[in-house]
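Look at the two complexes coming up: subunit A is in both, with subunit B in one and subunit C in the other.
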Partner chain A sequence: MSGLLTKDLSIFYGTKRAVQNVSLAFPSYSVTALIGPSGCGKSTFLRALNRMNDFIPHCSITGEVQFNGQNIYHPQVDSVLVRRQIGMVFQKPNPFPKTIFENVAWGPKRAGISSSVIPRLVEESLKAAALWSEVSDRLNSPALGLSGGQQQRLCIARAIAMKPSVLLMDEPCSALDPIATARIEELIGNLKQKFTIVIVTHNMQQAARVSDTTSFFLNGGVIETGETKSFFTRPEKVETENYLTGKFG
Partner chain B sequence: MSSKHFSAQFEEDLTKLKDSLLLMGGTIESMLNETHEALLRNDANLARRVIHRDVEVDNLEKVVDQQALQILALRQPAAIDLRFVTSAFKICTDLERMGDILVNICERICELAEVEQLKPYEILPEMMQTVRRMISLSLDSFVNQSTETAAEVLESDQKVDQMTREIFSELVLLMKSHENAVERGLKLFFITKHLERLADHSTNIAEQVIFTVKGLDIRHSHAPGPTPSSI
Partner chain C sequence: MTLWQRIKSEIVRMGGLLTLLICFGFLLLLLVDVLGDGLPTLSWDFLVNFPSRFPAKAGIASAIAGTLWVMFFTAVFAVPLGVMSGIYLEEYASSNWFTNLIRVNIQNLAGIPAIIYGMLGLAVFVRWMDLGRSVLAGALTMALMILPTIIIATSEAIKAVPDSLRMAAYGVGASRVQVVWSHVIPQALPGMMTGVILALSRAIGEAAPLILVGALSFVAFMPSGPMDSFTVLAIQIFNWAGRPQDEFRMIAASGIILLLVITLGMNALAIYLRARSVKLS
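Presenting the complex of A and B:
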């Protein structure tokens, strides 16, 4: 198991409980996919894993998110440092309106990393995100001039530049075409050698392709978690079976 | 598959696939019944009619393959639906092979009609009856998605194997003692072997039903693993 796990985690928007008593552990250097219907709480849960919900008014939690044995919601824990260790890639690519280089360098600069090592860090990050060969000759061009798929890989490079242990991905391919999606999926397969990855996706085939473990969320709770290769062919719970096969009744 | 899919079209596609397999199975059953009659009555004309019906099975094989392929391509099924569609491919192949085997049996019946019968059949009609029942049960288990019925088929296979051995022994004795029985004996030898293969194919179908319903792969389970009684 990795250093990341949740214990009886419930998440509330005001008084409404969006996630209830979820205890999940995320295996190291592997991909865990969170699937479930819209509104089941999977994205809310994902955002809680690096305290992104802190920005949402009236959002509160009970239970714990432990990272390397430490509850990240402990009052003495710095949420900025948490997000440095547990990075996130969002649904829509959101590069800064800056150059390609500055997009990747921005985080390390803010973290006080010496400017002498930043060019090498940018190159390493872009290479890890499988983007270097496409942009190495135009690092000073605007990031917004890249295609959607390239922008998303740039955002992954930006997250990697902070050298996190965990990467959270919230439907990272939902705005991309099939070719760009295939490249991101290929990239996820490579990234798991260095990072623990948790991905939320609506695309069940994508979950089946990229993940090692799959958790099915329904009505704020986890119905079933299992090894992906058997999860999609032989789920154990009726609710999972009905969701995977698109059934009702 | 008791609950319905949200997509009515998907539901319809799966129903059509199931119906095509049932039609294929029904055709095999009907061909087998006629083969049984042809053997008992030494009726070469009826046997030839069965041979001509094999094209129906061949055509249905192509229909089933196309329907299953379309579902895989368009619907990307998962869980029990995925198991059902992959089983459809395998069941379809088994049924097609059964059609070919019935043709082989009927060809031998046509040849037997030209050779004098030495003595009445004893075990062969019973074996034919057992195989008919196995095929019927395997198709029933598919229709009703019943693992209990499928388990009955698996248990019957041993009985067929035993009858095969008995007929072989009897034929060897007959051929040793009557020189003029060799030609006929060899043809009956082949028919017996073909019937035994039909039983094997119905066993395959039953195994696929168990895989579809429970996700258990019990093929080649002579080694430790689930047995018919534990399904």
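Presenting the complex of A and C:
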């Protein structure tokens, strides 16, 4: 069983259940969008997929997240290795306060990639993130000098430099202007040839533009999952239709 | 703005200015007084001579040496211990009733009067560990005294490192050690160093705990190792200021000028480090 899926996944903050009994499979080499109103648990769910919730105090889960047939919450699984294969791009661009080159190179270096191949890996990753042409002449300048959109593409480059098989994106465009957003969306379309992508978005139009599959979250549960085209034109559930037509949200 | 509002805001402004001037005025008075008394006797001879019963020959050399010895060992004990405790509390320790108890106690320890640390040092280091009236006993006492300050400063500096930075590093599959050493500590370093310097500059001006530990007030030799007896600037000043002769009060003022220059210099360094970290981030 290859790929990423959840089985009966529930997530708790203390005793409060934020996500309940979600079983979802993420098709490989395609984009799955998770949509829903604020507080519906979609970001919490996303962070559970590569164990980023481990850092939140009192957060616990029941159920399973399976990656290539292995439950990533099994006690013998090293969460560090999980995150090397399931990368993450955050809501706000968060480059390291280092140079552009070091931002991409840092992860692979810590993972023990030989330093002789690092420059090529950095170039490949920046090219794949559609940033190379803009920064190739200033790889040693500070990353924090880039624009917001460039910083977010740098964060994508940093994530794909680890050669993960899955990329998780938590509202990656919510801090960006429309032009930068369009560039990231275009990039997501190209990246799905190499990666399985799960993206959380507030923006229904964005979900419609970039994703192949869409899941609608409400109050911690999945209401409906479907192929994006039919999902937005012919939702099956009445809650989905109400949300899509703006009756709440 | 109505007239009444304008008057009210003017009253507040004048009141604030007045309180500031009162504080600043006293500081200025102190400085003028000390400089007036101490500058004439502040000379090269004063810095290199040993204390003497003749005020004209008395110098502060052994106190400078003693201060350097004590501060060196204080830093050696307190800085690594304090910084590592702070890092442990913020990055490793889980938050439960026990670590919360420790946190609260560290906050309390930072507010305990210095003389209490002196009594602890006397009982534990001088008597029980039998270190005698040595540089080492004094330094260990001082180290205990400034440890809470260093731990708190380190914790605060680490807390100020944005979580998004940690998440970014964990997100590319870094281990905790890698995240702490490559990202958290470099970001927190200026803040930690500021705290360390302020703690050390507090210790340099303290006399009370060292008097209890048994620092001498008349040392006519250079301490040559951690087990030697010693005096420090603050104690030497305290001793001179208590003498009946006016000449000794003059050289006490000279000693105060020296201590002020050192303390202000250390604080300036701390401010510089903080300003630089603000500019970088």
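One rule holds in what follows: the second predicted complex is superposed on the first by the 245 of 249 C-alpha atoms of A that agree within 3 Å, B and C clash if a C-alpha of one lies under 4 Å from a C-alpha of the other, contacts with A are read in each partner's own complex, and residues count from 1 in each chain.
Quick note on the criterion: a residue touches a chain if its C-beta (ideal position, glycine included) is under 8 Å from a C-beta of that chain, and two chains touch if they have at least 3 such contacts.
All values derive from a computational prediction rather than experimental measurement.
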Clash-or-fit label for the pair subunit B, subunit C on subunit A: fit
Subunit B versus subunit C as contact partner of A:235, first or second or both or neither: first
Partner chain in contact with A:12 - subunit B first, subunit C second, else both or neither: neither
Touched partner set for A:162, first subunit B, second subunit C, both or neither: second
Where the C-alpha centre of subunit A sits as vertex, the angle toward subunit B and subunit C in the overlay (nearest 10 degrees): 140
First, second, both or neither for A:29, with subunit B first and subunit C second: neither
Partner chain(s) touched by A:245 [first = subunit B, second = subunit C, both, neither]: first
Broader residue contact with subunit A after superposition on the shared chain, subunit B or subunit C: C
Subunit B versus subunit C as contact partner of A:132, first or second or both or neither: neither
Smallest separation of CA atoms, subunit C relative to subunit B, angstrom: 33
Set intersection of subunit A contacts, subunit C complex versus subunit B complex: none
Touching residues on subunit A, where the partner in the complex is subunit C: 50, 52, 55, 57, 80-85, 87-90, 92, 94-97, 106-107, 110-111, 155, 158-159, 161-162
Touching residues on subunit C, where the partner in the complex is subunit A: 94-95, 162, 164-175, 178, 182-183, 187, 280-281
Complex contacts: residues of subunit A adjacent to subunit B: 204-205, 208, 232-235, 240-242, 244-249
In the complex, subunit B residues that touch subunit A: 2-7, 10, 76-83, 215
